[in-house]
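You will see subunit A twice below: alongside subunit B first, and alongside subunit C after that.
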Partner chain A sequence: MFDSIVDPTVGAPGDDRGRTSLATRPARLSGLRLGLLVNTKRNAADFLEELSALLESEYGVTTVLTRTKPSIVHPAPPEMLEEFRGETDVVVVGVGDCGSCSASAVADGLQLEAAGIPAAVICSDAFRVSADAMADLQGTPGYEYVTTAHPVASLSREGVRERAVQALPQIVGMLTRSSAAVAS
Partner chain B sequence: MTTLEDPVRTAKEAIRYCYEQGWTDGLPVVPATVDDVEAFLATTDRDPDEVIGAQEHLNRRVTVRQAAVNAIMAGCEPEYFPVVLAAWDALNGEPSTNGGAWQSTSGPAPLLVVNGPVRQRLGINCAGGVFGPGFRANATIARAIGLIVRNGYGIKPQELEQATQGVPGRWQLLIGENEELSPWEPLSVVGGLEPGVDAVSAMLIRCCEYVDNRHTESAEAVLQDFADSLARIGAYLGLRHSTGGLVLGPEHAALLADAGYGRADVQQWLFEHATRSHAELAAAGKAGGPGGPAETDEAFPMLPSPAEIPVIVAGAANAAISMVFRPFGWATWSGRSVPVRWSAQSRPTTLQEVSP
Partner chain C sequence: MTIDQAQLDQLKQTLQADDYRLDVDVQGDQADVAIVAGPDACEECLVPKPLMQSMLAPVLGVQPESIRLTYPADKG
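And then the complex of A and B:
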């Protein structure tokens, strides 16, 4: 009956973004090169540093590349992605703990997977909705990431370390699970 | 006429249909038809398919035509559309809108300021009750921007938009500058345009706080009152200085001008006096971190620089009341105003330009 009403959501066509297949997972992390993608949020660098120390001491990885994104809202630029592709075997991304950066962290995880690099993305639980919305927008609904309790920004270094310890098993699972870390 | 043919009933059903599609901001919208869109597009020379805004990370691109559809839905008249486009361009030109602002927990609101004769022509309020509501052009042009963000970018509250509380007046803040009662040049002239040019200036803000000072004839006392609000610790984010601005009521503006203050003098005075001590910031837990005050600091400036304190004049000359507003994050106004451009056939005639 209301076919004559113009749809306000129709603009210039977007890119066709099909479902991203996840990269093949290694059986174990020992001996692999770890990359860290920091998103500039307060405590993000500390969180990834703590994780990296745990992954090195308990799982035998070597952290070879740490990069901080130039923009909190946009996914990492192509040249940064290229660095990860050339120098790392697995990457941890985080910490999505704000309105735009949680969604952006998911976009980063997906573009790393598309480049063939297994990635684990960390978001705080307060921003699940925007992170999931981004996975939908990127054509990959159901994309899994690791959550940590919000807030992250106000934690002390000790608090950050505890969170890293808590997140570690999930991170390891996500980077090695052969069944792939995405629900169908 | 049967109940089924009742046009009012049909109109209500059409509005309900728009709600069901998720196209509204919570208030009823005006359903847009192709004819309406054509009428809006006729007011501008711009290509309907021109992309006027993009959120590449969301894979969304907004066109002129889509802006027209949303302006119709917001309740605009066709002749408002060039102002909607100028407001949109002005916002997009602000660095503050290019960093995830529309998705931010801060939930910032556009503050749109209109200069030029277009205010009288379209009935854009710049006098009493300037922050609204009650004036169609002010209310609907501001609302159109919100609908473009919602429907064009697909950024909706509690989804991709993650405002913690949001800001009262979001998508409602379009004011005319009261050039007739301002002692200083129009904001659009500060923004690089000639006097008399129709223009929109835009910034993103997080709140408005009134300053009621009908108590003194001293310009410095009134400025001190503004400085107190501008130095509010709750607005201090750390790392860098965030700023504040003023929408001066015409009485306060006249008091300052009569005492010899130009706009730049007001900015300078406020920059120098909007300060806090280390102890005051420390008492609120905000003295630490990079960019903060030294422990011996008794007068740490709370604003980044005089030029980054926007000063606008609007409202009625009936009480000495002004408004302090807070630009979003560490942003301020870019200092660039955007001219309003009509298509040749829709350009208002001289006759229409006479104030009502």
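And then the complex of A and C:
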């Protein structure tokens, strides 16, 4: 089964496997169109739904597109990325709450950045190793993402809401700051 | 060849979070690595082998292509 998994390490989003240039950040989120790229891990959809509600009520975005990836292993397919490119201004990706899904979430974030869309990727802290390894492999070591404590899958809805509240400032900072979201 | 024990422990902890165990045997510039699934392991949660080898190589001090990597499904 593992050999048949599509390898997300193939086909880096950057040019010639070089460092991915991050998209230009807006000064503020108000009035922007938000996209949510969800994986199928338990509570991922709830987490992004809670974040979406917070970003709408507190920062004035409108959630216009939510897409769920076909599997936790694969990065989002090209047609899904095209939808985000055509319909959204900023995207939140998550939740990388396992080895493969944290790696593919980082790959998604880099693909979105390469497409000119500011993205904020959420991974749980237990999987920094695989998330960072994917960033390295994609030629963008130091790529920053938002972390939340592991596990996410076992949280209640209230627990998910609390995590979303905790993550919100970092998400906003990552989507709006003018400096690139990559460590030097 | 030098194993970075701190990084190896970190990698083991990462795998353990998905209920996998990492068994490593390094001989010279070759490494045999087996990943063993626990009862709650999620089959899809393992990263693809090329990524796992790229993660293991600097930790074990060997080249990625020198790592013989066995996943649970390989035991078939």
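Here is the rule we use: the second predicted complex is superposed on the first by the 168 of 184 C-alpha atoms of A that agree within 3 Å, B and C clash if a C-alpha of one lies under 4 Å from a C-alpha of the other, contacts with A are read in each partner's own complex, and residues count from 1 in each chain.
Following the convention adopted for this analysis, a contact is a pair of C-beta atoms (placed from the backbone, for glycine too) under 8 Å apart; a residue touches a chain by one contact, two chains touch by 3 or more.
Because the structure is predicted, anything quoted here is derived from the model rather than measured.
Of the two partner chains placed around the shared chain by superposition, neither subunit B nor subunit C is touched by A:43.
Look at A:75: by the touch rule set out above, it reaches subunit B but stays clear of subunit C.
Looking at the superposed arrangement, the partner reaching more residues of subunit A, out of subunit B and subunit C, is B.
Using the contact criterion defined above for the overlaid structures, shared-chain residue A:130 touches subunit B and also reaches subunit C.
By the touch criterion stated above, A:111 is placed in contact with neither subunit B nor subunit C. Contact with subunit C, but none with subunit B, is seen for A:150 once the two complexes are overlaid on the shared chain. Once both structures are placed on chain A, subunit A residues 1-2, 5, 7-9, 71-73, 98-101, 103, 127, 129-130, 133-134, 137 are touched by subunit B and, in the other complex, by subunit C. For subunit C in complex with subunit A, the residues that touch the partner chain are 10-11, 13-15, 17-18, 42-51, 54-55, 71-74. The residues of subunit A lying in touch with subunit C in their complex are 1-3, 5, 7-9, 71-73, 98-101, 103, 126-130, 133-134, 136-137, 150-151.
Residues of subunit A that touch subunit B in their complex: 1-2, 4-15, 17, 71-75, 98-104, 107, 127, 129-130, 133-134, 137-138. By the touch rule above, subunit B contacts subunit A in their complex via residues 13-14, 17-18, 21, 23, 31-34, 36-37, 49, 51, 56-63, 66, 69-70, 72-73, 99-100, 103-106, 147, 151-152, 154, 158-163.
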